[in-house]
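Dropping the structures in below, format is structure tokens.
Below, subunit A partners subunit B and then partners subunit C, in two separate complexes.
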Partner chain A sequence: MKVTVDEDKCCGAGQCVLLAPEVFDQREEDGIVLLLDAEPGPDQHALVREAAAVCPAAAIEVTEDA
Partner chain B sequence: MSIDEQVLNYPIPAAAPLDPPAEWAELRGECPVAHVRLPSGDQATLLTRYDDVKQVLADPRLTRQLSAPDAARLSADGGGVFNSEVSQIIPDSGADHLRWRRLVGRWFTAKRMAALRPQMARIADELIDAMVERGAPGDLRAGLGFPLPVYVICDMLGVPAEDRDRFSYWSDTLLNLTRYSREEIEVAQTEFFAYMSGHVSAKRDQPGDDLLSELIAAGGPDEGGLSDLQILVTGMALLVAGHETTANMIGKMVSMLLADRGRWEALLADPALVRTAVEETLRLDANSGFGLPRYLPVETEVGGTVLPKGTTVICSMAAANRDESAFEAAAEMDLTRSPNPHLSFGSGAHSCLGQSLARTELQVVLEVLLRRLPGLELAVPVAELERVEGLAVGGLRTVPVRW
Partner chain C sequence: MTPPGSILIVGASAAGLSTAEALRRHGYEGRLTLLDAEPHLPYDRPPLSKQVLAGLWEPAKARLRSPAQLEALGARFVRGDRAVALDAGTRSATTASGRVLSADAVVIATGLTSRRLPGQDGLAGVHTLRGLDDALTLRTHLAGARRLVVVGEGVLGAEIAATARGLGLDVTLAGLGHTLLGDQVGDVIGALLGRLHTARGVRLRLGAAVESLSGENGRVTGVRLATGDPLPADAVVVAVGSRPATGWLAGSGLTLGDGVECDTRCRAAEGVYAVGDVAAFEHEGLGRRLRLENRTNATEQAQVVAANLLGADRPYTPIPYFWTDQYDVKLQMHGLPAPDAELSVTEGDPEQGRFAAVYREGGEITGVLGWNMPKQARVLRQRSLGAWQRSQPLSSA
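For the complex of A and B:
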């Protein structure tokens, strides 16, 4: 799984951090998303998919391995 | 006459206190872009499908401000918080909005909210102590739901505990468009403004560890910060936006979970369900209030219909949250539903700034209630719960419970 985030789209809702704090964080200075792990392990996949599905700004993209 | 030929009065009343109006499903199915008449008598376009509501809320060209001469008025006296001059002081689009959002957003990160958990739990515990001491039955709205969010916001703004009750009154008065007279609303607004002016000055002289002190420290507009007036209005807006919404949601959440005791039992058996249960009550809240208005400064196509420039659109997130094309078994409450991309906090660049705060408060309140009052139940039949009268935010007048 590969994860990318779009900082320009991000509205700082923080849903991704509440769901998958090992993969996502928010910058201290403005609350915008920080990607901690672009290739998270299998134990994180379900949480990352959920974070992408509920992101209000559609700022998280997940590419599943072929 | 079928639903797509008539002009419905909006908001549409519902038969039962926790249930949606039957018209929502009909509108989604047959007339997703509907003509409605607002309390002011003006006409607007109501959207009820998930995809349509999400598209409009996420469109950066559309504005929440109904100040254009041809925009619909929401209520006869102008629409309160949606139309007030005060609401125009915070930039609502483009680079200025983004700057404001990021300056304030740093205070609402998920981590900061998680750090507030112990303090929120302490407030909830104290309020429950007081409710228990007064004895059952008690009103969970007045005893817990209403005070908790205002106490939390006062702490964030650095407002001392002895002023909390005045804050509570001001926010209630400014948002409730029918319970108070026009004069009472104007007096409350003037008092609140004067209090906040003094409070911002005091923070400038003696900064604390609070949001207003941080906004002041960021400097003026030339230094990438906000003007004094913008800081003051931001403080007022956070109270008004963050108090009554969450206060009402606490009462509605608990009522929805107690309406079928099996739900409460499921949560007692597995408190790990609290997170998804909170999201599901947000999705199924049929009393979320007016919805979000948007003014179209350009022609816009929505759901296959071309809406002309100058149209005022009302997005019903509550109707969209029950759209079968977006949620499996959409009418059913599933405490494990995941993912749950409901639109209760809006969508896109303007989605609720305080959503992490609201989510954390709702989760903490539910956790504390399950721990402290496992025997909690409604003290009246669900059908006897009464809705709050008012326009901007929906809720229940009282939530009578025993334990």
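For the complex of A and C:
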């Protein structure tokens, strides 16, 4: 799994951090998403998919390995 | 439980599309149909009053998903055709063009309809902003306009006023409430927002009822306040709230109050669910009925509706949340404080334009606010507002 984030779209809601704090964090100064792990392990996959699904700015993209 | 063989989702904006995606993510392989009144690919609404209206984003950037991602859903999209009736018993919807779409389960995700002012229709230069076309029409008009009057002191009105100031327009905002966003953030923060707008050159006429729209030769010339004061304008935006889009559900057999009334599982009837702005659900944690008009509610509720469609038994117990960006201020609001809740700053400094605060009612924290402190507000939310959710058994889909 590969994760990408669009900082320009990110609104700083932090929904992704609530769901998957091992993969996402927020910048202290403006709350924009920080991607901690662009290729998270299998134990994180379900959480990351849900984070991408609930992101209110559609700023997270998940590419599944073929 | 056997999952429904076919599911029809009426409304393919954030809530409807997220429901479809969550169904597939949870392994649903049945037939999925999404019906939407608009011809556009599903797009996001929060940028409409900001980046899209400002001309910073082209419409394609506001798309919720790429065409390839939509294709990968394996769903049938019926666009540009409005649902005009539903029979909840047989779960069949009729569209404006005469199509009849039936399914084993139906999800209602038709969102909101903007309220309008009397005399608005047939008067050129008066706008509401709900959809992409509205935003593009307003953007074009503002490019050639000088004086804008925004009617409405809520989130949408305040955002449009801020964007229009950024475009160099002369802006007056009139609203019935006494402070900007007073219903959402209370008077203290509302007054701070008012100061921000005033400092940026917006004239505020708050606590002022709009009596009528004025026009000449079919074109708006301004609005008249109940005080008798005229506010001249060559463009007017009416942002006086919305109502749930349930007109098409008259006679459906569903209970319609302030939205589609559903239970704690977001179920409106056997095999019929509602999601997003249109859904009036029972919040088990708060013990009352809620209807939330915010962006996170659309996607969060979609997760629960999808899970329940597939046989889970999950209550929907969100912590309400919204954000708004105005000028260089990013405001984040978690929780649902009463307008008279007591506010205290916990971090940062309002004078420095950066702080986090909590709202208390009877000693209990009922809201968390961030003013240019999104991360800190989110951390505070996790510390202070978990109780509504912690009391719920967590069952997965």
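Quick notes on this structure:
Going forward, the second predicted complex is superposed on the first by the 66 of 66 C-alpha atoms of A that agree within 3 Å, B and C clash if a C-alpha of one lies under 4 Å from a C-alpha of the other, contacts with A are read in each partner's own complex, and residues count from 1 in each chain.
One rule holds for everything that comes next: a contact is a pair of C-beta atoms (placed from the backbone, for glycine too) under 8 Å apart; a residue touches a chain by one contact, two chains touch by 3 or more.
Here the structure is a predicted model, which means the values were calculated and not measured.
Once the two complexes are laid over each other on the shared chain, residue contacts for A:18 go to subunit B and to subunit C alike. Looking at the shared chain after the overlay, A:31 reaches both subunit B and subunit C. In the superposed model, A:53 makes contact with both subunit B and subunit C.
When the two complexes are overlaid on their common chain A, residue A:65 makes contact with neither subunit B nor subunit C. Comparing the two interfaces of subunit A, the one with subunit B and the one with subunit C have residues 9, 11-15, 17-18, 26-28, 30-31, 49-50, 53-54, 56-58 in common. Those residues of subunit A that touch subunit C in the shared complex are 9, 11-15, 17-18, 26-28, 30-31, 49-50, 53-58. On subunit A, the positions that touch subunit B within their shared complex are 9, 11-15, 17-18, 21, 25-32, 49-50, 53-54, 56-58.
By the touch criterion stated above, subunit C contacts subunit A in their complex at residues 14, 18, 21-22, 25, 44, 46, 61, 63-65, 295-296, 298-300, 302-303, 321, 323, 325, 330, 332, 370, 372-375, 377-378, 382. Residues 58, 101-103, 105-111, 113-114, 338-341, 345-353, 355-356, 359 of subunit B are the ones touching subunit A in the complex.
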